[in-house]
Each structure stands twice: as C-alpha cells, then as structure tokens.
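Paired with chain B in one complex and with chain C in the other, chain A is shared by the two complexes that follow.
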Partner chain A sequence: MKVVGARLPRYDGVGHVTGRTTYVDDVRVPGMLHAAALRSVHHNARITRLDTGAAAAMAGVHAVVTHADVPLLVYGHLSGAGIPGDEPLLAKDHVRYRGQPIALVAADTVDIARAACAAIEVDYEELPALFDVRLGFDGDAPVINDTFGNWYDQYEGNLDVRQIRKGDIDAAMDAADLIVSGVYRTQSVEQVPLETQVCVAIPEPDGRLTIHTCTQAMYFSLGVVCSHLQLPMSQVKMVGGTVGGGFGGKVDTASDTLTALAAQKSGQPVKWRWTREEEMLASGNRGPWHMEIIDAVTSDGWILGRKMLTIHDAGAYGRFSVYGLTKHSFHHTGAYSIPNLHFDGYVVFTNKIPTTAMRGYGVTGLSTAIEVHAERVAKELGMDPYEFRLKNANRVNDTSPNRIAYEDPSTVEVLQSLAAATGVELGDGLRAMTREQRSGDMLPDHLVAQIGSGGGH
Partner chain B sequence: MELTVNSVARTVQSPPLSSLLTVLREELDITSPKAGCESGGCGACTVLVDGQPRRSCLTAVCAVDGAEVTTVEGLGTPEDLSRVQQAFIHHYAAQCGFCTDGLIVAATAYVGGGGSADTGDIGEALAGHYCRCTGYVKILEAVAAVARGDTFDTASTASSANNTYVTIAGAES
Partner chain C sequence: MAVHRGKGLATVEYPTGMNQNGDPSQAWIKVKPDGRVDVFSGTADIGNGSKTVQSQIVAETIGVPYDWVTYDNSNTDSSPMCTGTFASRATFVAGNAVLKAARQVRERILAVASRELEIDPADLEVADGSVSVKGTPAKSMGVDEVAGAATFVHGELLTGDGAHLNPGAAIIDPTTGEVDKPPHAAISYAACTAEVEVDDETGDVRVLSLTQAYDIGRAMNPTLVEGQIDGGAVMGLGFGLLEDCYPYYPTAEHRGDGMNTYHVPTMAELPEIKNVLMENPSSGGPYGAKGIGEMSNNAQPAAIANAIHDAVGVWVTEFPITPERVLAALDAKSEGRSEPRREGRVVAFDEELSINSFTSAKTWGA
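Let's look at the complex of A and B:
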C-alpha cells in the first residue's frame, strides 16, 4: 500500500502556509451586504411586541428578516429520524435562551446592520428561568420546552426515558462483595474554533442560491436549509469543505439558513460573520452531563453489574441531544465488559444555549466519569488500577450494552501502550493479555452468558 | 495614508481609526490575516509592522501610516516557500490553517531575530497565539527545526520519534 502507514503531507498544506486557502470569510463577491443579528437579552421571556419598522427604514438597510419570513419556521435537526422539531429558526413569541436569534439585518456595512438591530423594538415579559437540570423534574419548575415539556418524552414505546436493561441487575447487586457509587457532573464546553460561524449567500440570476458554508456536515446542512426555505435541493448550491476549525460545533447549520433568507429578501449577496462574543454566547456547545454510577464488584476485581442514571442538560431545544444520549447509553460501560445493566437516561431542557456535538458526542464526559469511577473502585478494592481495568477490558465477542459483539476491541493494547508510554511496569500476566476471546481465568462464570458471536456492527 | 504592504506601495482610503485588519482584508483584499476575535486575544490577525509582529485587529491604521506591513503572502509563494512555511508543512504544524498565517508571521520574526531552538523560548515568543487544532506540539517542533537550521522536504512529513506503539498481534498483514 502506498498510502496506509505512509506519512503524507497535507494536500492543503501549501495553501495554508501561504495565505492562499480561501475560507468563507475570504470569499469576495461584488455588492456584498453584511449581516448582524438581534439576539435575546433574556434567558426566558415572552416577546409581546416586535417592531422592525424603524430598522427597515434606516439608510443602508436592505433586509430585516424575522420569523414571518421563514417558510418553515420549525424544523428539527433529527426530523429525518422521526424526532419532532421544537426550535424556531427565529424566535416568534418566546425566547428560551440568552443569545437566541430574533431577527437578522442585512445592510451596506456591518456597523449599519448592528445599528439597525439596536433600532428594532422588542418588548419582553421576563419569565423565571431554569438552569439546573436537577430542578427540571420539580412539579413547580417553569416549563421550558413547548413541544416536549421539561424532558424529552418520545422514545420508542412511548417512554420518556432512554432505558437499557441487560442481564439481572438485582442478582448482580446481591452477589457483590462491594458496591461503589459515585456522582459525576461535567460542565459545558465551547468548541472555540478560531473561525467563528460565517456564511456568504448569493442569489443567482436564475433564482438559485449559492451558499458558501463553514458547515462540517454539508449534506445535512443542505437538507436543513432547503427544509426551512421549502426549496428543492436543485435550487441550492452549497460550497464548503474549508473549515477554520469545527470540533463538532459546526454541524448545527447555525448561520447558513438565515444568511440565505437575507440574500433572498434583499436580492443581494450577504455575508454573516459572527463575532467572537456571539460565538461564545450563542453557538451550540458541548452540554453538561449529570451521571450517577453504582457498580457491583467482587473482591477479586470483577464488575458484575452497573446501575446508572444520566441527566443530559440539552439547553433550550432538542437539536441532536436524543442522538447524543442514545450514543451515551450504548457506551455506558466504557471499554469494559459488564453483563448486568440498568441504565436510565433523560434529555432535560434548561434556559441555556442548545447543545450539540463536540469530539465524541455524548461519550467524552461519560468516559471521564467511567474512568474516575474505575480508579475509585480499584482503590476501594486495594487493587492495581491497571489490573482492574485489564481484567474487565473488552475482549473479542464480549457484548456492548446494546448487545453488539465486539469484533476487534483494542482496550487491552491501549492500556498496555498507556503503561509503556508513562513508564508504568506491568507484571508479566498483564503484559501477556490480549484481546482474544475470553477463556480460562479471564472467563469467570458471570461473563459466560454475555459472550456473543462476531459480525456485529 | 500610505502603507507599503508586501513591498507594494498602497494608498489607504479607509477612515483613520479603522483597524489595520479591516484595511488589509476589506480595502486591500489581503485575506491572510484572520479575524479570529477582533479583540487582541487570539493572534490570528498578526502581521509584521516594520518587522515586528503586531495584532492588526488592535492597530488603528493611522498609527502605522508610512509603515512597512508584511503578511504571510509577502513571506513566500507556493513556488518559493520560506523556511518557516516549509517547516510548517513538513512538521504538520497547520491543520485547519486558520491560526497558521499569524503564527508563521510571528515565527518568522522570532527566528529572524536569532531566536533559539529551545521550545520554552519559542513558546514564550508565540504566547497568545491560539491554535485549537494542533495541540501546539507540532508548531513548536516546526519553529525549533527552523531555528536549528534544518532543511525540509515538503513532499513528506516529519516522523515523531517519541511515539510509543505496541504492536498488535495479527495487524501486520
């Protein structure tokens, strides 16, 4: 093979080092207008009046886009998977997080666009806001999400909770020598790509739209734009592929649709580049996760069972959170084989920025919780944490929480590499371990029934 | 106002308090300095003003009237890359590339001023340049290699001698 294993230079390296790579902000189009957004200053408020008259009348303003201009105002990120939409592209009569867009202005300069945003008259009736997921379940908590209530309630089988049940958790708890529980909470994280959200939309003479996009998910974004605009895909040409960092934060199609609407309404090319402040305030981030783990373990270091409760803080709207939680549930044993499971997970809404992907959606905070917990269990057992991890590490044909047999789990080798890289001496027994299917000492009774057969994906 | 930008004399029409970044990007169409934050925090807009790295987003154009401004376009071309540019390719120091222009400008000033190959010194010289992609290690390696006087082959990339791998049984085939 010429490519696998070879160290090849980046195909875009020369462009990157000579200033020749064209990012969206570098696209030059004659007659381009500049856009700015009016965003909510409140975390939770009713909009009782929205008057764009004065802004639209300002010299140099070419379009003011509000909810009334959007052909399909509510379209869900997971509509394609049958999950109802809950988030309006522009707020209509209610804002549910600070920074939520209400209007977009396209003007000759960005300064005029910002001045016009300031001239839009909005009256709010402020409502109590909810920030702590744990309070979302209280009977007197404010209702955050009109479509779903305070937590997503439309899983398969009419459940309001994502559940995994495997084996017999009660038997595992009864058989345990030790029960170790812990609560882990990770905070929200902004992806902070160096390039903020940016879009250039150009109305073409034949009625089509050309959209220069910073999206990480081209065809997904094409679908989102066309759905909101109610256009066939043949009418929209998206140009992308050069992204100034995304890390998951650019899968949400945050700027393309509104810029396209402003271009349609003004009949001119429009650029919308978010400020760094807007990016921090209003772009989808990695949401916080609240995780409670209870492990049933034996004194010789086997994990018999895990009971887990997860509450995912989705922010104000659903976006991809149900997907994130589902992925989280499939991974809630981490890289370890645990045969008896009882998992409950909730997607809970708060008056915060709607959350989205970031580098291992749904799993990164989970890994932190699982590994910190593993360390604690080993400590309480008085066992070498490497030995504890390596015993329980997934082997070929061990099965995941969603009952897929692992074909080529690499946990054993990863742990051995980690030890080698950090100067930890593993004993002969641990060094000799491999990923091969469990047998002998590595196949205690409790793991027999969970062995599957390869070929799962 | 008059500027010499990448050795070409330019007359600037923008208002005097416009940022040098806006003048370069919007009036002169020189797009390598990037608007990462427009508040001095990220370094993506860095250019050389009379040979010194400056954050163009915080520099009012009237304050540099008559100065010589160099952006990464003025340091080398695809056919004739500077050593810093070659090093960034060879050492894989540019990933998305959005921070790269500012870093190459700052690194050029550093090695041009006789900066050492010590990664602590380099880190200090480049402090305040954010890169969200690379984790900085490869950027430090690239600049150190230039300071050491290495030569570069841009048709390949440097291998990292420090990587530790465990051979996985059966994976060789």
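Let's look at the complex of A and C:
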C-alpha cells in the first residue's frame, strides 16, 4: 500500500495553522444581526413572570425569542433511541441550572442584544438546589427533573437502573480469599474548544434556512433543528464540517436551533457566538462519575467477581447520559475477564449544567477507577502489577459483561510492548503469554463457564 | 520535606463506533473529466484528521495519487448522511462508507478502460493513476484518459456510492444486560506508564514522562495517530491533575470562567511522551483500522494516581489529584488515618466517600 499508512500532511493543515481556514465565526453576511442570550442566574427556581416587552421595544432589537416561539419545545437528544425528551430548548416554567437559556435576542450589535437581555423582566421563586448525586435518592431531596424525577427510570423492562448480571456473584464472594472495595469519584471537566459555540443562520429568499454550524454531527444537528422547528429536512441546509475543536462538546447542537429561530423571527441573518465565559459556565461538559467497586479475588491473583455501583451525574437534564451509562456498564470489567458480575448503574440529576459527551464518553472515569482499583488489589496481594493484569487480561473467546466473545483482544500484547518500552523485565511465563484462548494454567475452573463460542468482536 | 519519584501503570480498552452500533455513514464519489476525484461525505473534521484519512482511503482504493482527491463535507445538501464525528467512529464507520464508494468507482474505471483497451476488466489493475494490464505494465492508459473517454466518448459519469452500518445491538434481557449481537464495531487496547515527582511539602505533582503502547488496528496515517495519542495524553494529564468545573464542590460557586481561571495543561506541564504503535488489524475496519481518538485520554489519570502512590504511599481517588488532595492524603497517612478497614477477608478503602456514608436510601455493599 502506498497511500494508506503513509505520513501524508493533513488535508486542511496549512489553512488551520495559517489562520486561513474559514470557521463559522469568519462567516460575514450583509444585514447580519448579532444575538445574545438571557440565562438563568439561579441553580433551581420557578419562573413566575417573564416580560420581554421593554426589550423588544428597544431600538436596534429585531427579535426576542422565548419558549412561546419554539414549535416543539422539548426534543430529546436520544428520541431516536426511544428515550423521552426532557429538556426545553428555552426555559418555560422552571430553570434547573444556572446558565440555562431563557431568551435569545437578535439585534444590530452584540451590545444592544446584551442590553436588551438585561431589560427582560424575569421573576423567580428560588427553590432548594441539589449538587451531590449521593443525596439524590433521599426522600426529602428536591425534585429536579420534571420528566424523570431525581434519577432516570425508563430503562428497558421499566427498570430504574442499568443492570449487568453474569455468573454467580454470591458464590464468587464466598469463594474469595480477599474482598477489596474502593470508591472512585471523577469530576466534571470542560471540553475547552478554542472555537466557542457559534452559529450563523440565514433565512433564504426561497424560504429555506442556511445554518453555518460548528457541530460535530451535521446530520444529527439537522435532525435536532428540524424537529424543534417542525420542518422537513429539505427546508434546512447545514453548512459546516470544519470544527474548531469539539472533543464531544459540539454534538449537543447548542446554538443552531435558537439562532435559526431568531433568523426566522427577525427575517434577517443572525450570528450567535458564545463568549468564553458562556462556553465555560453554560455549555455541556463531561459529567462526574461516582463509582464503588468490590472485587472478589483469590490469593494467587484471580479476580473471581466484581460488584459495582455507578452513579452518573447527568446535571439537570438527560441529553446523552443514558447512552453514556449503558456504554459504561458494557465496559465495567475493563481489559480483564471477570466471570461473575453484579453491576447497578444510575443516571442521577443535579442542578448543574446538563453533562454531555466528551472524549472517552462513559469510560474515561471508569478506566480511571478500574485501574487504580487493580493496582490496589495487586498491592494487597503482594503481586507484581504486570503479573496481576496479564493474568486476568481478556483473551480470545472470553466473554464481555454482556456475553459477547472477544474476537481480538490485545491487552496481553500492549502490556508486553509497554514493558519492553520501559525496560521492565517480565518473567518467562508473562513474556510467553498470548491473546489466544485460555487453556492449561490460564484456564482455571472459574473461567471455564464463560468461554464463548467465538464470532464476536 | 522532599521530592519523591514514582511509576504507575494502567491498561485500558475502548470500543470503536457507537455503543450498540446502528450508526450509519454514507458517501458518494464522482470523477471529473481529467480523472480527479471528488468525495462527498457528511463527516465533520473536528481536528481528528478525517478529511485526510478518508481521502487516503479513497486514493488507495481507487489507485490514484492522494493529491488527486478533493474532499467535500461542507453541507447537507450535497453530502449524504453521516451520524457524526464522535464515538471514535469516523475512520472505521465513515471510512468504510468511502471505501465502498471508491470500490465502485474503481469498477467503473475498469469497465471503461476495458472497452478502450479491449481487455477483460479482470485482467486490469489501477495504481498511481494509471490502468494497466496485469503482467504487461507497458500496456496502460491513465485514469485521466479513462475519465475523459467516459465523459466525451461513452457519455458516462464515473461515480460510486457507499454506505456502512453495523447493525444495532439490542439488550435482550434488561436484568442481565445481555445483548443479541456485538455492541461495538471493534475494540482497541492500550497501556500506559506514568513517571511522576511528588513534592511532599507543597503536594505538587509533576508528570515527568508518559510511555504508551496502543493497538490501533492499522495506522492509516502514523503522523495523525501520534497527534491523537499525544493530544490525548495531555488531556488525560489535565483530567488527572488539573481540571475541575466545580472546584469548590459541593457548592457550585467560584467556577473557572476562562483560560486564566480554569487550568488546562500548558507547555509548562508537558511531559516527555513516548509512543509504541501496534497494528493488530480489525476484521471489519477499512484496511484493518480501529478507532483510537477517544481512548487516548483514558489511561493517564490512573497511571498518574498509581505513580503517586508509588512515590509517597497514598491513594487519592477523588479527581483531579490537586495539591490540596495530595497534602490531605499525606496528613491522613502521617496521622494513621489512611489505612483501609481490614476485617478478616475484607479490605475496605474510602468508606468515607461511599454512598453508605451519605444516605440510607440506597443500600450497598458486598
């Protein structure tokens, strides 16, 4: 092969490093208005009055968009997967996090739009807020999510929990020489793209809308916009494909729909570029994960079973959190074969920014927890960290938590390569290991039952 | 007071493609009268290099030079559907779509060349922008000539379309989580060693080096792979040590609202990074590729945490591992409060963080 595998220069590299690439913020259109958002100043509150009259009457203001202007106010990011929507595009009766948008103003300048936002009259009745997912299950906890309550309760089978059950966890705990538990808490972080959320929406003479978008997923965002606006896909042209950094934070379609509504209402092109402060304080970020792991292990270093509780902090609304938790549950054994499993996972709501996708979604915190726990277990056993990992490494035809046979796991090989690269001397037995299906000493009784029949990945 | 060194290890795996699959990508290709190739795809390039990699797949598959290929992902009117650039799916899923479209184009080129050369298409091959007779390379014509003949002699348009969809995996038993088919397109694997220095007076942690081994299936463009892995390593360092949207949790006040108040890694924190790329081709990816964009920030936080334990003998399991948390853990250790509860077979760490210490509404334990 000549082209695949070659160190070719980036297709768009010169434009990016010389500043000549056209990003959304570089789009200039005659007659273009500028937008600014009015956002909630409270973490949790009832909106008792919303009056945009004074703002709309200001010179230079061309449109004030509120919940009343949205044809379909609530559309779920995972509606296509059968998960109900819960988040209004603009707040109507409640605000559930500080920074939640309530109105968007389109005006001749950004300064006028911001002044108009300040002129919108909102009365709030503040409510108690909840931030710690560990308190969300309490009977006296404030109710946060109007659709689901305090945790998502509509998994398949009407369960309120994402479960994995495999093998016999009680037998594994009974048989263990050591039972090691630990608690791991990973935090919320921001994707920090250099390009903040930004959109330019243009009403075309033929009645269509052209939307210059920074989305990571043009067709997904096309679907979101068309759903909220109740338009067929033929009426909207998304223009994008070149993104100034996303890292997962630009799947939410955070700015396109509202900018389009402002363009429709004003009849003029509108640009809405979020400030860095808005990007940091109001855009969806990586969600925190609270993870408790209990491993049943033998004194010679086999992991017989794992019991795990995961609580994912969704923030105020669901967005992709159920997807993230499900993915998390499918991978909660990490790179190891653990035959007896008992996993319970919850998506819990708090009065924080709705969390969303970020690089490694559902797994980054999980990998962190699993690997610190693995190190602790190895230390408790007095075992070399490479030996403990290589012994339990997943092999061909071992099965995953959801009973799919691994086709080509390379945990053994990456560990051997890393050892070689860092000057770690592995013993003969560890150096000779391969990914191939377990047999002999590597196939103790407790692993026999979970060997699959192949055919998976 | 001293600076202590330590090393820590972590191993990770990560799926390619959307969890449970069911995420289509489509592409189409047309050839200009001079043989130059235009690819239309709906895949956004978020800096991951998908424009480059998809163009490479097309050039390789058709058999034309890379610089003959233009790539248009600019809008939803001309580009077909792509689920999007996330879930480490662009190279594998969208790459398969352009691969299939390119195969069709190649077949069309061979069909026209066959008529021009009066040779069975099965006896022809395309490489470097030229169609030649297998075993008789002297007998050939350029793809530019083929495209010209298609346009002006045969009245045809050389095109191809392709779509890829890994069928959706359903959870067939919600009580066990069992699925009916593989819920991922592939799985990638990696391991990482972190080397750190911990200052036991300030709690400051400096990462000296990160050494990483990645099974990436196939390095479509090694330079871009290294870019992903280096960038991911730094992002993992930020997650492990620096970044937190709610630094005064459990209050939600005093959040960082800019680059000066929210600390992402800078050149000042950049460690030495060494990478080992392993190619264990996937069965379903274009040219054996797997996705590795996302997993590249998953191994470092644990490797760093484990290195800190190696250096100063404390476990910090609330992230990020700030100097405050390191100092608190060192204080706990010196005061004899850091040992787990040991009772018979049970070794219980971190009980003060457990949900059991906060509520009785959820019962949890072994």
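Quick note on the criterion: the second predicted complex is superposed on the first by the 456 of 457 C-alpha atoms of A that agree within 3 Å, B and C clash if a C-alpha of one lies under 4 Å from a C-alpha of the other, contacts with A are read in each partner's own complex, and residues count from 1 in each chain.
Quick note on the criterion: a contact is a pair of C-beta atoms (placed from the backbone, for glycine too) under 8 Å apart; a residue touches a chain by one contact, two chains touch by 3 or more.
If you're wondering where the values come from, they're calculated on a predicted model, not measured in any experiment.
S.K.: For A:Ser410, select first, second, both or neither according to whether it touches chain B, chain C, the two together, or no partner.
M.R.: both
S.K.: Quick check on the superposed pair: does A:Arg7 touch chain B, chain C, both, or neither? Answer first, second, both or neither.
M.R.: both
S.K.: Per the contact definition in the header, classify A:Thr18: touching chain B only (first), chain C only (second), both, or neither.
M.R.: first
S.K.: Under the stated touch criterion, which partner chain does A:Arg273 make contact with: chain B (first), chain C (second), both, or neither?
M.R.: first
S.K.: Counting only touches as set out at the top, which of chain B and chain C does A:Tyr124 meet: first, second, both, neither?
M.R.: Neither partner.
S.K.: Should A:Asp26 be classified as contacting the first partner (chain B), the second (chain C), both, or neither?
M.R.: The answer is first: A:Asp26 touches chain B but not chain C.
S.K.: Going by the contact rule set out at the top, does A:Thr434 touch chain B (first), chain C (second), both, or neither?
M.R.: The first partner, chain B, only.
S.K.: Tell me which partner A:Tyr361 touches in the superposition: chain B (first), chain C (second), both or neither.
M.R.: So A:Tyr361 only meets chain C here.
S.K.: Spot which of chain B and chain C makes contact with more residues of chain A, would you?
M.R.: The partner with more contacted residues on chain A is C.
S.K.: Which chain A residues come up in both lists, the one for chain B and the one for chain C?
M.R.: 7-10, 12, 16, 192, 243-247, 276, 410, 413, 417, 421
S.K.: Can you name the residues of chain A that touch chain B in the complex?
M.R.: 7-10, 12-23, 25-26, 28, 191-196, 243-247, 273, 275-276, 410, 413, 416-417, 420-421, 434
S.K.: Which residues of chain B touch chain A in the complex?
M.R.: 25, 29-32, 34-39, 41-42, 44, 71-73, 76-78, 81, 85-86, 88-90, 92, 94, 96-101, 104, 130-133, 154-159, 164-166, 168-169
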